[in-house]
């Protein structure tokens, strides 16, 4: 994950000051890279992933799922199409927004509030209660909302604390969130390569495209359920070809090196198109890991040798 | 579906000139109402449904699913929460956009293009190819994009043909769509009441909230699959409480008065929270209808009488 | 269940003194008949059922299942083929044998022991321990073994206490049984007619012939399992046509008038040949009855009326 | 499979002249042994298997399944209990009986016919049609019926051609069988040892004891069905402990060295008691072999290396 002069280049959904950049900080602090990182701003999650596919960066950090809004569609769609990429690590941030203004602007002076749509959806109630007269203007990112304030395009912005500080903006309100406990998960993505080692607390993610025959979805779910695999996310996204055809984005507990996960992957591959997005360490306990296969495999070996 | 003076009041996602209003036209032409309709503009799909819940209108027309973008999240979420509402009819429109400008504006003069986000997602490539220098500015609806052009807020707008005509705008391009064959389904929603009669080509829609135990989703899918019920849509939406808890929006072929559909509804109700969104005539063939139960029911009756 | 002069004629697997006759006694004592019964001896369970099919009797009592030996194959096969018959009641007897001799015969004088094969299988160990020198000679029934003793054909017989008494034989040993707690279930069979009323503790029995396609058996089991129907017996019997084709004899908890049992019967009938053998009161608690459908059915009705 | 002086000792269900001995001939002709065999007569299938468990013989030949009567219960029960044994080969014989008498005995002189119960069940109609006055007397085996004729115990016997020839008996009728095409499968059993090599046309046999929880049988069937394993036999036998508890005897197409069979065995072992009876070459095509796992396994390996 290094560039030619030994510095890994990592794209992230920017500009400077987004939650995504905060997630990149976190990855650095957690030791995800073995050298200082050169940060490359991308205008959107798909743009970050495209830089990675093109070889212009060695990794990309993008938001993938919000506890409030669900999967981040641009990220999901960009992972579904184009060359396969691989998730190697995750981190989660508590999401609360900072509403910023230019110094000296009072709440009653706020006629327009810039907000990234995902953010707008999470602070709508707060704005209605606190800035009832303000019109919401779409910003290109959470940090972009701060930039729009700094440039005078809007009176206030729903931003990150970091973006406000960097631009020297005033804080109208901090910790703003309509839904308590909102969190967003960010992932570090690379081109396909060796899979991070199994830790015992892992997440595996795949995108399935099922054959258009009755019972395909039941079959897929059954391949997981019979092996005791704990599905933690299932989201469907239309394939954009016709009604009723979907990509299914699945996350489950376990690692490709868990024998039952390997079995399940092969079983799905037998009848469906499976895009493997990776197995990596989960940031927290998130369900029931697959049971060990050791006893059963040893029993089978003993049978094969006639010892049992 | 009438108001006090005999005129049904129907809310729609406006302003005037949206695709949704065109869908309302279609419902009128198809005879969905037995009296002239009074149209009530709502600023968003949830707002239209809220007017209905409040009793301010008798029905609402909202977009529910795009063949390109999948379910329309604000509609889905507004149907999931609050008092139960009921879908009684559907129609589908081919979706292609009209890019409008003020008369006299040349393509090379377009620095900003207003677009509703759903529209922006469907014309992104066209804009990159044809108006590469233009910045996309978020509009509140497709008709709103035309209004933003008329008011001078933006130079061009991704709008409907109808909206452009009403405002006397010039047409820069017609039939604009990155994805050929894009369609959107619109539904007519009422408060709960008698269910439209079974036609033999019907759609049933429910929202499921499954108990948080392993195998719930397999169980739900199995209740449908064993009864030969053809699932035409499954979309998950986070419940906004925690990662991994979802509402599942399901559409299938058939009507609550099909015995196997009735069985399936009861079976789902046995272990899950089921919000029934209605059974109504599908606009086109869309899968395999449930088989008849007649032979089996008659056989059972003969057994009960000892005749077989 | 009466003959022309008001006396029901009931066939049973005889001769006089069999366990089956004891079961017929039990049915009489329990009030299964509303008039004194005329008993008609049949040489085998199939013969008893054939008398019933021919109209020569109004009912038949036959053994159907042993806790030690499983289903009684001649009974099962005779219920599978020919005109459909219907089970209307059951009773169970503890099975322990009485070894009888002619008066004055000592154990050491016993060179031959008559035994019906089902009985022989249940006393083999006792004979090996107590009459090690004796040869087992096949008898036509448990009572027939006593007759063979009386006629001098064998020295001792594995019989019922009743048969020994009636023939004035001596008792060499009583309560003989290799397997403690052995019981046999007997059923009262009639031609098809009204089904006994649901009691809440009922048994339903069917014979399935599944289509010869992969997954048929899983499908059948799933139709029962998804409805929470508690299967208490499953036995396969070859159809006698080719390897691998079977009749499946299934018993489960519940009554055809339990809505979920009715659903399951119809579901099985949809793809398999189903011979319904009846629903009747079980003699003892034997599993989990099907849940009520009331709540779900009422919910469905409210939906249909738009009340919920 | 050899004794101390280089001659394998093989027990069979005798006496001399049984179909089982004919099956042993067949195994010899097919080269199942690499040295001449010393034949050891056993009085019953369980007795033959007990000699094997005790180490008194190196192998045993027993009948296991009849196309008319289904599994041979004494064989099945003897394989279920006691130390595990292993089936290593099979052969099938067309079953038609030879009715023998002492020379000079005319059909009208036949008052008693000796028959092994399995045989009696397959010639009942022939006897009723051809020897209507004759009483059936139970013999200990098909060859034993011929011995009973020779010793004068009965007038005629339902035997094998071989047994009649060896005893110099006359043939009253040949090729006697109520059911056309009746066949019986015989197996060669050894103590556990290396498993015969996979041929691509194999049979695997197991005995399952399922936990007494609802859905166990569906789960077991599903583990096979999801892996496309073709079940060719399922027979239940009571465990002799209580009603409703069974051993399930399953045969399916494939070999323990087929990856999907290995998976299925491990999956069953995860929740049930599994007695593996062996994998061996089937004598004829008998269903759909498991699909290869190669593509899926290679895909998985490429994922693991980051090559795909």
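By letter and in written order, the chains are A, B, C and D; residue numbering begins at 1 in each of them.
Convention: a contact is a pair of C-beta atoms (placed from the backbone, for glycine too) under 8 Å apart; a residue touches a chain by one contact, two chains touch by 3 or more.
The chain list, named the UniProt way, goes like this: A, B, C, D = Prephenate dehydratase.
The model shown is predicted, which means the values in this text are computed figures rather than measured ones.
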| item | value |
| --- | --- |
| Numbering shared by both copies at the subunit B (Prephenate dehydratase)-subunit A (Prephenate dehydratase) contact, with half separating same from different | same |
| Interchain centroid distance [CA atoms averaged], subunit A (Prephenate dehydratase)/subunit C (Prephenate dehydratase), Å | 63 |
| Centroid distance [mean C-alpha coordinates] between subunit D (Prephenate dehydratase) and subunit C (Prephenate dehydratase), Å | 28 |
| Whole-Å gap separating subunit A (Prephenate dehydratase) and subunit D (Prephenate dehydratase), where each centre is the average of the chain's CA atoms | 58 |
| Residue numbers of subunit C (Prephenate dehydratase) (touch at least two other chains) | 222 |
| Chain-chain contacts as defined at top | A-B, A-D, B-C, C-D |
| In the complex, subunit C (Prephenate dehydratase) residues that touch subunit D (Prephenate dehydratase) | 65-70, 117, 137-138, 179, 181, 183, 185, 214-215, 217-218, 221-222, 225, 228, 230-238, 240-244, 246, 286-288 |
| Residues of subunit D (Prephenate dehydratase) touching subunit A (Prephenate dehydratase) in the complex | 84, 86, 192-195, 219, 222-223, 226-227, 256-257, 262-263, 265-267, 269-270, 276, 291, 293, 295-297, 299-300, 303-308 |
